[in-house]
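Each of the next two complexes has chain A plus one more chain, namely chain B in the first and chain C in the second.
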Partner chain A sequence: MNYPIWVVPIFGGGWIIGIIAIVHVFLSHFAVGGGAFLALTEELAYRRKDENLYAYLRQHSRFFMLLTSVAGAVTGVGIWWAISLVNPDGTAVLIQNFTLGWAVEYVFFVAELATVFAYYYTWDKLTKEQHLNLARMYFGFSVMTLVVINGILTFMLTPGHWLESRYWLEGFFNATYWPSLVLRLLIMFALAGMYAMVTSSQIKDQKTREYVVRFCAKWLLPIFFIGPVAGYFYLANVPQAAIETVFNGVHASGVGNFSVLARALYLSLILSGTVIVFAYIGPYLNPRGLTVRISILFLICGLTVTGITEWMRELLRKPYVVYGYMYCNGIRKESVDKLNEGGFLAQSKWSTITALPHGQNDIELGRNIFRYQCMSCHTENGYRGMKKLLGERDRDAIEGFLKTIKSRNKENNPYLGIMPPLVGNDDDLQKLASYLCTINGHSETSPAVSSKTRASSQF
Partner chain B sequence: MTSSNLPTNKIGNWLEERLKLSALTQIAQKKEVPLHKHSIWYYMGGIAMLFLAVQFVTGILLMVYYVPDLESAHASILKINSQIQFGWFIRSLHSWGANLMIAVVFLHLFSSYFMKAYRKPREITWLIGMLLLVITMAFGFSGYLLPWDDISFFATKIGLDIASKTPLIGPTLAELLRGGENIGQSTISRFFVIHVAILPLVLLGLLAGHLVLVQMHGMSKPPGIDTPEKPCPKEKFFPNFFLRDLLVWILSFNVLAVLVTLAPWGIGPEADPFAPAPLGIKPEWYFLSMFQFLKLMPASVGPIEGELVGIFLIAAVAGALVMVPFWDDGKSEGRSALATMYGLAVLIGFIAFTIWGAIS
Partner chain C sequence: MDPSTIIPNYQPLPLPAPLWLLQTLLVVGFFLHVIPMNMTLGGSILSSLLLIKGGSDKTSYAFRAGKGLASALPICISFAITQGIVPLLFLQLLYGPAYYTSSIVMAVPWISLLGLLLICYYGTYLITYRVLHSNEHAGGSGIKAGAIMLLVALGLGGIGFLFSNNMTLMLTPEKWVELYKSSASGLHLNLGERQLWPRYLHFALSAVAVGGLTLGAFGLYFSKREQEYSTWLIKTGSRIVAGITALQVLVGFAFLFALPSIATKNFLGGEPIGSISLAVSVVLSVVVLIATTIAAITGSNKAFVTGMLSTIVVIFTMIVTRHMLRVYSLHQHFQPDSLPVAVQWDILIAFLVCAAGLIAYLTWLTRTVWGAFNPPEITFQPKAETTV
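Then we have the complex of A and B:
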């Protein structure tokens, strides 16, 4: 509400962030898990004096370096670009609150980049001990980037005492910090193992291939044993209202275990289970039989689990971007009363700036409210499109619906668990209704003027 | 404790003395799978079996709550979808599984066709396979009506109307399936019995024959792959190929899980036999090519009704495909090339008419 935002038609801004973020998650998880894989495998090669293993590592590290450094850096910047355009208020909170955290993360990221380049380009230039130390350093730096970013990501779901103290370290080391750190490390190890299966299934020497493929399968063991424990502690510390949202959803999106979040959870569980079974009967029991094609399909399964689980974690936070503090449309929870009283348009800085020179009519002002309050999740006529959601509602029904979603009482507003309450005074609601009527084609039958305008026109 | 005294070995020995399980292991180990660039198609039969197993398990579970009654059929599916714990999940597994199974059966059919797997001594395996395809499609047709929603009602009505045009047996067959002149309670009862009892029995019998013949003749190799100069490498079916088969099953099941959870199967409004048919009623995708082809037929071709000519043409095309082992026995290069061209034409026609039917 205080900055200009980027309106993405049809797909919505959320998808732009989501697509870039999920690619970045894959790459960053590869980077950290792969760092561990490089360090441990090189340790093995060093101890066994296994030149075949060294040759494999050399080949494996080439694509790994390109993928994680170039694509990782590009998508990392891409996330900043997307979130600051689509959700500038939320981005502002993260920057202002964690300035030092971001600076530290940046330092470790630069160190990680420098080490991975040094690692790849010094295969023949350093002694084996020195090169092994580089691998360990790379792993250390990449884990440190996770250690920092994990604090900021978990803060968004469980800000904890930060809500009262506003002290950044209290937000950083929050209730889900440690379980999330463990879970992410386990996922990273599993993905590193799956990725290495793709590269190791192409090793020409059969004995080395079987050895490395079986070694890769073992990288999925930690998540199998420790994952459920860490998952339990993670969920135990997530706000219980968020857990309820998973199974109850809202009436509009299905009930019981049919809600989209619940279905995503089941898919995540099914795929996780099959990934473990796959790792056992495939690469572990029959390493010779693992082909490149099958290992790529297996990796896709692993990435799908990761993607679905990340998507669920993002949705758990709904309707907030920072749980209990800022709604996903950038409105602070503590500002709702003030905005309801004094009006949304009158108090949101950017809309007042853009409103003045043009002297917009009610529909244009209503569109402004829609952009700032609804477009973080909805589009006009695309993903979660209002045209479809409004259906055949006429102006009265739309106004009634807006009153429902303005309520902060759960009894009156069934959408409250997943949608922020609508914010603004009656005049704002009238303007928004005027605009919504143009979306579903009820503009002719609706009063195109707000209550204020109608009142003034009577004199 | 010596290894022969272990409890697991004792149980193994006990079973071996009574069931002679080692004979089965020997058979499985005897079977070999050729390794070549088209080996990927050998997985199709196994994937179809996996989806068949899913159909049996989920079908039995659905029978617990489904009521094959005119007044209750639609309501019972609604209940399964919205009130029974994980009912939506089981039903979606059944519906998506059916579609995936039919798709994989088609892939199995065409891959076997192009690899010339129908040639001597596998002619009967091919013919049973074709019968299995017909049974699979009959499963789809009979199961489609059971939810009793408007689309399934009118699609079945149109399907039976077309079937009734078949000369000689058509009218009797359609009436036998309908249980009268109109689709109603008798139709649901009959389709239900056909779907859950008759077709499974027939399918299991035919499948057993198909598998025994595959076991008897071994895996077929495409012509030219295995020559005295360059023999085709092979691997043992058990455990090597079997373990990889399991991996492919897991991957296939994951595809099904993604579809089921992200796009659960819905249900339309309850069928109203007296209402006009909704616009654009189409059958399921696997009947769409035939439906589209019949739609293109003129009202009459000379003195004969157009639809009837269409049915004859479809029957002729399918008949030539079924009888391919007898006109392409591998002795003539020309006929072999003709069979390949014919198969390609049928495949392209099938895909093109299906897409045309879907978008028109």
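Then we have the complex of A and C:
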């Protein structure tokens, strides 16, 4: 309503964010975990005066630098591109709140990048102590970037007291801040171990290879022991309404399959359990047997788990972009009353004007309501497509459905946990219904009645 | 049409710091971004030409200079990206409603920019690691590297062009609705914009000038070790800067008169900040022109340094000028000064402290790395003499 909507056919804009974000999560987690790996491994090489280990690190550090400084940085900026195109209002909330936080993150990011270049280009040029120090510093800076961005990410799910005080720090150090920080660090270590398995499985010298592979496997241990505890504290602090939808799905409705989230959770638990068990009996007990292929397989499993976890975290937050403050279609919770009273279209900037080329008829206006309120999660025909979801509903059933999702009362609207309430007055609802009828082909059964005649017949 | 009905609202949240400070950070941040960005774009163009010119003669100055530029590119790109974060942050904060809208209107090209960037970035690594530093391609490696570099340069130039499109589109709300109506999927550029081409040309040429400065700066680095090469670098670099600067005067005026007439009037005395920054830029450009011409003829280090420092100042004043153009253009519809301010003192102070720490750290790091590459035996002359 505030901005034009970027229409992405078939996939929907959400996937644009999703793809960039998942790639970035992999790479940025690797950047931090990999920093720890470089620092600790170099420490080891230094203490043992192990030239083979140094040689390995030199190799590994190029792979590391290329991956994190190039693709990591570009996808990181990419997330900004994507969120501002798909959800400008949500982005604006974060920016207006946390600009200075991001500015601090930027400082650490610059330090991190400068250090990784210095580190990579000064092999054999600095004394061993100096070089080791660079590795430690790199790790320190990269952790600091996480310390900052973690506050902004967790804010979206648990803004806590910020909702009343609007004080950035209360939003930043929120209920899930610490569990999330610990969880992310653990994931980072595990991923670093897995990435390093790929490079170390190619070491020529057999003794060094066995030693390093085994060392890598140990990086999966922390998450095995501490992960469940941190996970428990994380979930315990997430809004309980969100958790309910995760585990129960929406029983009262046809969308029982929303508990796909629960299934994803189980899948990721099982998969990560498997990875760890196999890491133990594979690389740890039998480091000689680790081939490049197996190590890549490990990595794929690890990335899958990370991907699923991130995806679940995003779903937990639905239907909000900032929990309890702004819905993911950019409508602020506090403005719903006003929009319901005065009408959504009547109070929107872009939604009516853009319907003009096809004439301002009900269907076109209804399409715009759809774009503004539903398209952040649905498409017409593609991903989570309306055609399929509406099924055989005729106009009455569609109107009934829309009335249901318009309610902000949990008893009447079982969808509240996954969809924002429909916002607008009755006129808006009729227009949206007219449009939805054209999607599943039920418009003929009830010829698009002009909203005026309908409205007047009600009085 | 009258765009006032479709101008998006700011979020009803206060600004975290006084407006003047945020605007200063926007301008300074952009300056810090432009330097590595120009080195990247200008460097890639010059490097490709030099490598091709050098061809298979790896000892030629052209080849060596092209290779030097090429090797610096990955780091330049990296810094261009990170330094871009700051202006992007403050642009979104202060002019988000304009920037978000125009980005959505040209969403597809705007987001493809990322892919282009990734390819160019890896392209520079490909050139430095695979082509220039491998011995297999002993033959025409200069030609091959130069050709790949040309593609990289085109890609980087394309990225700049996309930026010019969006940065001009965000200034013209009256165009948004028409464009959006004709495609809601973001399949637009801002090609109909009168200031687009002169503006882009102005920026791209300045990048080449900065590329020339980088060459000259290499020359300064070599001045103690290889006098002849150093002089060649300084002369070549200065010639490029001088030539471009002369051209810029023409392009600059074309740009100025392609602006909406109000903006042109403001710059020509109608408004003090813009007029002063433009006037200073023009005067200093003359200094640049004279200094670099002298350096191009005589190869004088001093003249070159004068030209280099003046250029850096011109870049800064031009950025102020550019910012004022944005202020003039958006003033009617976007007033960041209408937003309430609630200073986030704690994090503001934390940021300033961190920024100071960063400068100290980078200084230390540069020294350490410099020391690593220039061990004392070489720069410490007396000792070298006694050992000989």
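The working rule: the second predicted complex is superposed on the first by the 432 of 459 C-alpha atoms of A that agree within 3 Å, B and C clash if a C-alpha of one lies under 4 Å from a C-alpha of the other, contacts with A are read in each partner's own complex, and residues count from 1 in each chain.
Here is the rule we go by: a residue touches a chain if its C-beta (ideal position, glycine included) is under 8 Å from a C-beta of that chain, and two chains touch if they have at least 3 such contacts.
All values reported here derive from a predicted model rather than from experimental measurement.
*Asks:* Superposed on chain A, are chain B and chain C clashing or fitting side by side?
*Replies:* After superposition on chain A, chain B vs chain C: fit, no clash.
*Asks:* Which chain makes contact with more of the residues of chain A, chain B or else chain C?
*Replies:* The partner making contact with more of chain A's residues is C.
*Asks:* Is A:Arg263 touching anything from chain B or chain C once the two structures are fitted on A? First, second, both or neither.
*Replies:* First partner only, chain B.
*Asks:* In the superposed arrangement, which partner chain does A:Leu57 touch: chain B (first), chain C (second), both, or neither?
*Replies:* Touch status of A:Leu57: no partner.
*Asks:* So, A:Ile294: does it touch chain B (first), chain C (second), both, or neither?
*Replies:* first
*Asks:* Just chain B (first), just chain C (second), both, or neither: which does A:Ile16 touch?
*Replies:* After superposition on chain A, A:Ile16 lies in contact with chain C alone.
*Asks:* Regarding the shared-chain residue A:Leu132, is it in contact with chain B (first), chain C (second), both, or neither?
*Replies:* Neither partner.
*Asks:* Tell me the contact category for A:Leu345 with respect to chain B and chain C: first, second, both or neither.
*Replies:* Neither: A:Leu345 stays clear of chain B and chain C.
*Asks:* Under the stated touch criterion, which partner chain does A:Leu365 make contact with: chain B (first), chain C (second), both, or neither?
*Replies:* Neither partner.
*Asks:* Students often get this wrong, so check: with C-alpha centres, what angle lies at chain A between chain B and chain C, to the nearest 10 degrees?
*Replies:* About 120 degrees, rounded to the nearest 10.
*Asks:* Look across chain B and chain C in the superposition and give the shortest C-alpha distance you find, in Å.
*Replies:* Shortest inter-chain C-alpha distance (chain B to chain C): 29 Å.
*Asks:* Per the definitions at the top, what is the overlap between the chain A residues touching chain B and those touching chain C?
*Replies:* Dual-contact residues (chain A): none.
*Asks:* Looking at the complex, which residues from chain A come into contact with chain C?
*Replies:* 2-9, 16, 20, 66, 69-71, 73-75, 77-78, 80-82, 84-85, 88-89, 91-93, 95-97, 99-104, 106-111, 113-115, 117-118, 121-122, 125-126, 130, 166, 168-169, 349-350, 353-354, 356-357, 371
*Asks:* In their shared complex, at which residues does chain C touch chain A?
*Replies:* Contacts found on chain C: 5-11, 13-17, 22, 25, 74-75, 78-79, 81-86, 88-90, 92-93, 96-97, 99-101, 103-105, 107, 110-111, 113-114, 117-118, 121-122, 125, 176-177, 180-182, 184-186, 342, 344, 346-348, 350-351, 354-355, 357-358, 361-362, 365, 368-369, 372-373.
*Asks:* Going by the contact rule at the top, pick out the chain A residues touching chain B in the complex.
*Replies:* Residues 255-258, 263-264, 266-267, 270-271, 274, 277-278, 281-282, 285-286, 288-289, 291, 293-294, 297-298, 301, 304 of chain A touch chain B in their complex.
*Asks:* Can you check the complex and tell me which residues of chain B touch chain A?
*Replies:* It is residues 40, 81-82, 85-86, 88-89, 239-241, 243-244, 246-248, 250-251, 253-254, 257-258, 261-262, 264 of chain B that touch chain A.
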